[in-house]
Each structure stands twice: as C-alpha cells, then as structure tokens.
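Chain nomenclature is as follows: A, B, C, D and E, assigned in order of appearance, with residue numbering initiated at 1 for each chain independently.
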C-alpha cells in the first residue's frame, strides 16, 4: 500500500494573536480520494486547508504533505483575484507561472470559462464581476493547471442552486478523469455527501475531526441519486454528526 | 392604503463598461414586508439592492425610495469591514455615525455579537477572523442601528447550516419586533421560503423579475414547519420558477 | 495586461477621463448616451475637462490678485514684479529662456527616468531580500540627506562632463521618493495573493513581475508624482551648484543671472517657466496614473 | 481604535516588532513562547533586532572599505578624507557640532511637524471637494518647484525672525510629499466602505475621520518617510540661503565654514552627523509605520 | 543714537575689518550710530534687502552690481568706495606655466563662482580671450583646485592665497584683475537714494565713521575687531586675519592712490565712467544704458576725513 498523500498527526495551530485554531488534529487522505470537511463557522476548516497547502506552519505535531513539485490547486474562500488583470489573465496565471504562453493556454482557458459560465467575460476586470462570478473565475483558475491535489474552500457558497449542481457534476467529472485528490470544505451537507467518499466533521474551535462518515455510493453519481433514500439517510447521518460536534463541550 | 416603500418601474441599469445588468425591472415592496430575491449568479440581484439603497443610479426608469432620513441596514455580499478597526468598532460604526458613544453602544453591541456568536472576538481585527466570522460581524453591524429597511445580500452563504438556521430564526424575531422592511437576496430556496412573505425570482442577466411566489404560512414560523409538506411544496414551486427563469431565452 | 480589449473597455476608458461628472448623480433621462456632434462639440468637450480649466482658472485668478496687490500696495518691481512685467520680460527674453528651458527639461526628464528606473530596480532588489534592504537602505538615506552643495567639489573633481554631473545631482534629489514609496508598495501586496503565488511556486522573478510590481504601482506612481517636481527643482539646484555659465545652461543660470544682475522680472519669468513646467509634469503623471490604475485601483476610479 | 486591548493584542504587538523572524518558517518546537530570562537574554534580544544591527554592520563595512580606498588610492584629505580623519574631526569639534546639530534638529522637526499637519490638512481639504483640489493643487506644485535660493530674498524681506524664515523654507521643501501621498491615500479608500459610509449618511467630517484618514494612513506614513529626509536636507539648505545672519547656526554653517576652509574632514564630520540623523529619522518613521499599520496593513505585516 | 543696519556680502573676514573696528571701538557710537552688522554668505543674497528697506547700507564687491541696479531702476547709490583696488584675482599653481596673466586663458579649467560668471568673467572673455569652455563652478571649496595642477580659480587676493598655502602647502601664483584693466572700486557702500536725499547727515556720519574705522583697523590696535569677527565667523583665526591685513596693506587695496590724499573712500566719477566704458567695450552694457550720475555720489567722500587719525596712529605726516 502506498503511503497516504496527506497525513497529519496531533496537529496544533496557534496564531500570533494567541488564538488556538486547531488542536490535536489527525487527518489522513489517500492519493485520489475525494474528502469533504464540514464544521461550524470559525472551527478551523480554512486553517486546515492552509496547513495542508503549506501556507501555514503547524505550531505542534507532524504533517506529511505531497512532494513540493506536485501541482496544487486551491480555491480560496475569498475569490483572491488580481484586481489589475482581466479574468483571462487571472485564470491564465498558474499556467503562465508554469511557462505556458497565452496562445497555448487560450483553448483550455476558454473551455474552462465556458464551463463556469464566464464566456464573454474573459476581458472583464474583477471589479466588474458579481460575487458569484468572481468565485467562478477563481474556480476556473484552480482547475486550469491539472492539479495533483485540489483544495477547495467553500467554492460554491456564493452560487445559485442550479449553477451549483452543474458545477458539482462538472467537478466530479474532472476528478474522475483527472485522478487528483480532492479536499473540499463546504457548509452544505448535501453537497458534501453528493461529492465525496468520506465526510469529515470538525468540532468547534479549537477544531479537530470528531466524526467521519463514509459515503458508499459508487461513482459516477447522478442527480437522480439526490432523491434516493440512501442519499437522504447519509445526509441525515452527517447532519446528526454535525449537531453532535456543535454541542460537544470543549475538551 | 399607504404608498409602497419601494417602487421601481421599468428600471434599466447599464454599467460604465457597457454591461446591461438590469433591464425593465419592476419591483414593489410594502412597508414592513419581508421579500426575498432569488436568481442565477450574475443576474443583477446585488445591483437591484444597490439601486434600492441609492448606491447606484438607474440608467432608465423610475425608482421610488424610502425617505433620505430612513435608517437603512445593508449586509454587503462581501463582509466590507474596516481592516484597521476591531470587530467592536466595526459594529459600532452605524451608531457612532448617529452620535452614540462607545459606552452607550456597548450593551447593544455585546448582545448582538453574542447572538451572531462572536462573543470574545470584540477586540479581534478583521484579518484575524474566518470568512464566516467576518460575515457575521457584518450582519451584526447591519442590525446594530434599528433599521427601517434592511437589505441583505446573501448574508448567510458563508455559514454552516446550524448557525444559519439559528440566525434565520433570530432574523425573523428581530423583524417581527423591529417592524422593518426586509429585502433579502439568497441562493437558498429553502431559506427564501422559510423567511419571506414573497419570493421574487429573477431571470438571467439582464435581470428582471419573472415570477413571484407568495408564501402563505403565517408568522411566527418555527423549524417544525421546515418538515411540513406545505413548506416542501412551496420550495418546489420556487425551484421550478427558478428553473424556468434560467432556461428562459433572453427576451 | 490583455492585448485585445473589448469595445466595452474602450468605453470605460473614455468615461474614465472625467472623474467629476462621474461622481454626480445623473438624472435617468440623461444617462442614455446622447448629444450628437454639433459644431460646438469640441468646445463643450473642453468645458467638460474640469481637470484642465479649473486649475487654469485658479491660476489666472491668482495672477490677477497678484497684479492687483502689487499695484495697490505699490510694491516696487525689484521686490515683487507684477505679472504684466513678468510676462513682458518673458516675451522679451523668450529666445534665451526657451533654450534654457529646453536644457532644464532634458536634465529633468533624464534624471527622472534614471530615478524611476533606479528607484524601481533598487526597490525590487530590496523586495527580493529583507537583508539586502536593511543593509542598503541606509545608503539611500545618506544620499537623500546629503546636500548637493556639500559634495559638489567631489563631483566636480571626479565627473568631467557637466551634463553628467547635473544628471547625477538631480538623480540624487529625485530618486528617494520613488525608492521609498516603491519599497512600501512592493510590501503592500495582498497577503492572499502572495499565498497564491507561493502555492503555484512562482519564481522570484515571476512573483515580482506579476504580483509585486502591479501591487506597487499605485505607490510607484505616487512616488513619481513627488519625484517629478523634485527632479525639476533638483535640475535647477544642481545647475546652481554644479553648472557653468556660457555653454549649456538651463533655467538656473537665467535665474542666477537675473538675481545677480537684479533683474527681478526676468528672475520671476524664469520661475514662472519652472512652475508651469512643474504643473505640466504633475499633470502628466496624473494622466499616467489614470491610464495605468484607472480600471482597477480605488484611487483613480 | 479601541482603548482597551485584550492581552492577545499586546502579544501581537510584541511579536510585530520583528518582521524578519516572523517570515521565517518557525520549527514547531520553537513556536511555544519559551526562552526564560537568562543572563544573556538582553544580548540575545539585541541579536534578534536585525533592523538595528544589519544596517549598522553594513555601515561599518562601508566605512572600512572607504578607509581602505582612501589609503590605497592615496586620496588627499582635502578631496576625500578617511573615516578616521572624519571621526577625529568629529571628536575635536564635538562641542560646536553638537550645538549646530541641535539647532538643525529643532528646525527639522519643527518643519516636519508643520509639514505633516499642513500636508494632511490640505489633503483633507482637497478630499472634501474635487474642485478645491483642482484649483489649489497647482499652487502646491508651484511651492514645490520654486527654488528656495530664488525666493529667499522675498522671504527675508517679509519674514523678520530667522527661525521663522528657516521653518518656512524647510516646510516648503518637506510638505509636498506628504500632501501628494495623502491625497492619493484619501482617494484609495475601498469603494465598498465608501458606499457603507454613504449608506449610513456619515457627515463629511465623519467620513474623513473614520474612513478616509485610516485608509490614507499607509500613504501618509510613506509620505512622512520621504518628508523626514527632505526636511532635514531642507533645514540645511534653508540655512545656507536664509540663515547666515543669526548667531544661532546649524549644521549648514559648519558645513559651509569647513568647505570654505577646505577643512574637508570637518565638512565630512558634519555630513556624517546629517546622515546619521537622516537614518535615525527614517528608522523612527519605520517604527511609527509598524506601530500604526502593523496589525492591519499588508505593508507592515 | 540712530539705528542702522549694514550688511556685508560675505562672512566676516579681514576685508570687513574697518567696519568691525568702528563697531567695537565705539567709533560708530561716537558718530551717534547704533550699527548692526549683518553678514552675507555664498548663497545669501542680501542685495534685495537694501531697496526693500530691511537694511540701510550694503557692502558691494564691485561697481557692476550698482550699474545693474541703476539699469534696472533700483533706487540705490554708491556713497563711498572703501577699496581703491578690487582684490579679485585669479590664482594658479606655480610652475605650471601661468607666470603671466595672458597664460591664464590657456588653462583647461577655471573655477569661477556663479556671481562672477555673470559679471567680470564676461569682461575677461571679451577683453582677455578667456572662454566659457574653461568654466567650472567654484563653490568656495579649494578641493577641485588643489586636485588639479592645471586648474586656475578665482580668489580674493587677501584671502584665498592664504588658504591655498595652508591647505596645499605651496604659494600660488596670484594675478590681480585690477592690474589688468579691471578698474572698479570695491567694497563700496551702497545706500538708498531716498535716504541720501532725506537723511544726508546720517549717511555722512556712517561714511565718516566707517572711514575712521578703517584707518584705526589698518594702523591701530585691531585685536577687538578681530575678536568680534571671530565671533561672527568662528572659523577665522587671528593669524589668518593678520595675514590678510598684511596683504591688504601690501597690495594697497584700501589706502592707495587718491585715498592717500583725499582719505579712504575716495571716489572719482571719472574713474567710474572709465570703468563703465571698459565694460561697454566688453559688451556687458550698451552705451548710455546706465545713467552714471545715479551710480555714485561724491557728496560724502573726498573730504580728507580720517587723515588725522592715520597721522596720529602712524606717527607719519
């Protein structure tokens, strides 16, 4: 068996302000898995993603990360677009850093913009986009370079249900063809269950993983499954776990 | 009958870039109503809210707004906190502008921070908050000064389900005691139906209101109603309207 | 950034020219682009350029006040000449003043170019390493606070060409604001965007070009606005101390000549030219700021 | 903003003192606040203050190189004195240099204070109305680009006190960077926050105090960093041109005397004092920037 | 006691000795004057202060400045010419082929201060064939001159040679401009015409007291004057001041020519006219451009004032 792609053992993260965001976190993600992370607002989900991306250093504990050369895609919780660059240039950035010219990147970017519904806005500047459009540009950017690990922090929160479902399906299709590992933060139990193989539920801050729900449904998953009782039951299990996590007294 | 608080007739909004965000929008909100606005991402919901707040001028059409002295509360789609001020000072701002000292404001602010779950973070700076916490601070700010009109642009999108439901109930309670008018943008059909008397569904950009769903359920509404078939049916009606709106060919 | 811009962008640019009318609340009826080209369209367009005629008007009013003051208080011309006398002198000496002006302009823009390049490059170097910054910044400050007059002998000894000496002195005066502002600007990049570049393993050079420099642009341009005037005054002061009469001479020589020969109207004519040049340079950088920040930075929107 | 800060904030401030070590990836084992007070704690704390010893070391190295160059190339002392000669002269003339230094310091900080106040107030005035800005900005530029030497007689005629004349001249030199940067800063406020203030119907004054000024702070401080050095050099140059009469004399007089007498070591001793003062002022403003921006602005985090 | 302010054109030095002498030995007070001495400096332009009424008397280096004033309609006039000869000189390194004045125009570098570049340098060009290509600015620092053996520079014959000797340890070649046709008076006292008209008595007292001051400075005990000068300009040493005085005497800067008979300050309008005509020839002025009757007045000088003092001090007739 190959070693896990991500492995965190007894991780603490205390910020300079003194806030302990994460305490004694244990996490284990295999290469190619699709894992969702759920938890109350402010519990440390974003912090975990940042730790996994290497953007923060743990205060304590051991963290094994993918090799430095591995391409990581990251959808930040805020759109994080360069305000001086057009949507096209923003999406181009990861490829550009990797040495790909505008011409060679054009097809891929056009396709991606199409699928996030931003065709016609390639030349718009971020300040001229709606909130959801910014987020979609940011999603396109994370996918433009075939990632080995895709970290997404509530990517679809600002989108309407229909766009959201379409992008859920697109994401699953990309994941299945791309074979990347996906760590997905969301507040939607339905989304977490629909997308992932495992749903991890975090406790209140200082956050740690308190429960894990396995979703047995094989891929490809279709919208039809959303109406099945299996789906509803799994969602209910996650919701209950979430409720337990929220009411758990701080250890 | 008193005149409507907000009335828009044949409103167009074209931005300086040439984008036509809103076309021929008709809107009518009575004083004291709770109205939700739903629509695909980028259809012009935020633009409508900004027009109603007087932050944008319509390119064409007639718009009747509340009197200039009326206190308006606004939760922007992005948190829009002052980065140099603590959470307390950010929430204090509307009162401070109205001439209320820190001391006199303290109780009200503490209560509000408590109810959005930010107790203990009064002295934190925005950069030290999670995405959801920023949004909650921003919600507290919109409510701190008893508004006549409350405009909320996807206020709960970044929050987990449990916090979201709690805040939904809080919001309804405030609305019923405060007697203000509420115009609420959301992507969640469930939330829209749970909260409002009328749900307005917007078409694709250039946006206009294509359908209107009345929610007959009287207030107070409780979580129990969420499991009733009446609720589910109303939600389904809204969803279908939304689907029709999305597939509607541009006029 | 993008080579091909859609027509929408062009419209925005057009619009962006006029910061005042955009802030006004336009009545709905006027919002539809109208006003077909009438004979007086050019004139009307000029009227809409508040950034041109408001300052011009203010300067004219000030000039009239000055004229009035001089006449009313009977201030003798050798203390403060009236604008009419200054203009008469400007007209009478137009030839020699124009030559001098052109020479000063060349030094000013030469030094400004060097200051912009030097300041930006040095700032980029500082941004690449906090250690380099801490080690070298003191020397930049030393340059800024050393009076040219004091080191002029050293420069005269080691720099043969007068033009080179003038450029050097002017550069010393002008480069610091650009350096200091750009260093701050480079540090002001959005931390989230920094993280993004780290994540994509951008090289130092890529990070500098695509993240830090655009982030620093507002500060850099602010530095340019300061350095523009400074390099003009620097060119004049440098010529005071390191220039020589006779051959290539600029406005400083005209100023000094007029001063030593108590020709006050001519002195003020030269000062007037300097002032107008300073205003023009500032205006130029304002336009530059609008051009390169107009579409995305709050300061120019 | 908030008078009572929780202990967390104090900890952050403590931490914020040291921008370098924060950027380093700290090994997990070190992250827990440790290091009990040992006898060498003070010494170690100094070692951690890279912002102090790195520049000091760089200056010392440069001094050694300079000494070496002068000795190796046998540069005569009247062209470029060796640091040892400069230090000897500094020591020999310590008394008169200290008096002069103190006088220059007073002018420098007086003018700097006036420049900061004047620049900020004027910028606030400009921010209150685009028309006022357009009408008055040209005059600010005129002040910036008018050489003091040329208008010194006018100032001496109308300003009686030498100190006042010096302050005025120095102010003219120093205020523009603050004005220009602050104006840009005031315009850089986040458009969303502007909307927020509009929505809550903040008065002009409230908008200025609670939105525009904090937004402008990074630019204002950047302007201060430039103006600090400029007002020092301005104090020196002003004394060159407007200060000879009085008994009270500053570094400029020492520089001039030494220059006329070709007492180059003393000239450089005075320049050295000026340079060190400039560096100290810059360092002061760096600390100020860290203090007032450290917790929220990217440039100091 | 009438309060008057007298501004010099430079920091205190031996060339201002007579005025300091009159100030400290009570001569001015004796003449009913409460005098304030205001120093000048290289970047300090005291000239506009006189017509503006901020000062009452101004010391000026040569007559060219006064010509310009008159030409430009400034109401000032020369009331006394304290130096019969201008100490302005060109200084060169010895043994570099600059033994004659004519050699100087071959120098590759001439370090000349800015105000000179716009005044007598023009005359040197027109009259003696100097060229602008030689010019480098002189900022009153000897470094550039000492560093370049081929360079020449301007100098006050009673000051710079002493400094050159101190710093460069050699005796420079000194060529006085006055010896080559530069016939201006120097260290002239200018006053406002209005004051000359309305308070001739006051002007007369100032001129007389200054003349007496100069005699006492040159021939009497000047210790106190030197002390006062060194207060204003702490960098001067007693030795330097004494050396300057020796040169003043040796070169006959102050007390020579007509001054020997008419007293210090002697002014001859014919000489003023002669100098003006030379400058016209050199192209500095157009003929008739300057009304010479407004340049100077002999109303206050040529009255043998102070000759008795000199006699008493020197013991010679």
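List of remarks:
Rule of thumb we're sticking to: contacts are C-beta pairs under 8 Å (C-beta built on N, C-alpha and C of every residue); 3 or more make two chains touch, one makes a residue touch a chain.
Chain-to-protein mapping (UniProt): A, B = NitT/TauT family transport system ATP-binding protein; C, D = ABC transporter ATP-binding protein.
All values derive from a computational prediction rather than experimental measurement.
The set of chains in contact with subunit B as well as subunit C comprises A, D. In this assembly, E is the chain whose CA centroid lies farthest from the centroid of subunit B. The distance from the centre of subunit A to the centre of subunit E, each centre being the mean of the chain's C-alpha atoms, comes to 86 Å. For the pair subunit A and subunit B, the distance between mean C-alpha positions equals 27 Å. Computed centre separation for the pair subunit A/subunit C is 47 angstrom, with centres defined by C-alpha atoms. Note: centroid distance subunit D to subunit E, computed from Cα atoms, is 42 Å. Counting partner chains per residue, subunit C has residues 8-9, 79, 149, 153-154, 157, 190, 240, 259, 297, 301 touching two or more of them. Residues of subunit B in contact with at least two other chains: 17, 19, 78, 124. Among all residues of subunit E, those that touch two or more other chains are 43, 45, 47-48, 52, 139, 141, 143, 147. Considering their complex, residues 1-2, 4-6, 8-9, 190, 192-193, 195-203, 206, 210-211, 214, 217, 295-297, 301 of subunit D touch subunit B.
Partner subunit A is touched in their complex by these residues of subunit B: 15, 17, 19, 38-42, 45-46, 77-78, 117, 124, 128-133, 136, 153-154, 157-164, 187-189, 239, 242-243, 246. Subunit D contributes residues 19-20, 23, 50-51, 54-55, 57-59, 62, 79-80, 130-131, 134-139, 141-142, 144-147, 149-151, 154, 157, 176-177, 180-181, 184-185, 187-191, 218-219, 222-223, 225-226, 229-230, 232-233, 236-237, 240, 252, 255, 259, 267, 270-271, 274-275, 277-279, 282, 297-301 to its touches with subunit C in the complex. Interface residues of subunit E, counted against subunit C in their complex, comprise 43, 45, 47-48, 51-52, 65, 68-69, 72-74, 111-112, 114-115, 117-119, 121, 132-133, 135-137, 139, 141, 143-144, 147-148.
The touching residues of subunit B, counted against subunit D in their complex, run 50, 53-55, 68, 72, 74, 76, 78, 80, 82-86, 88-89, 93-94, 96-98, 123-127, 145.
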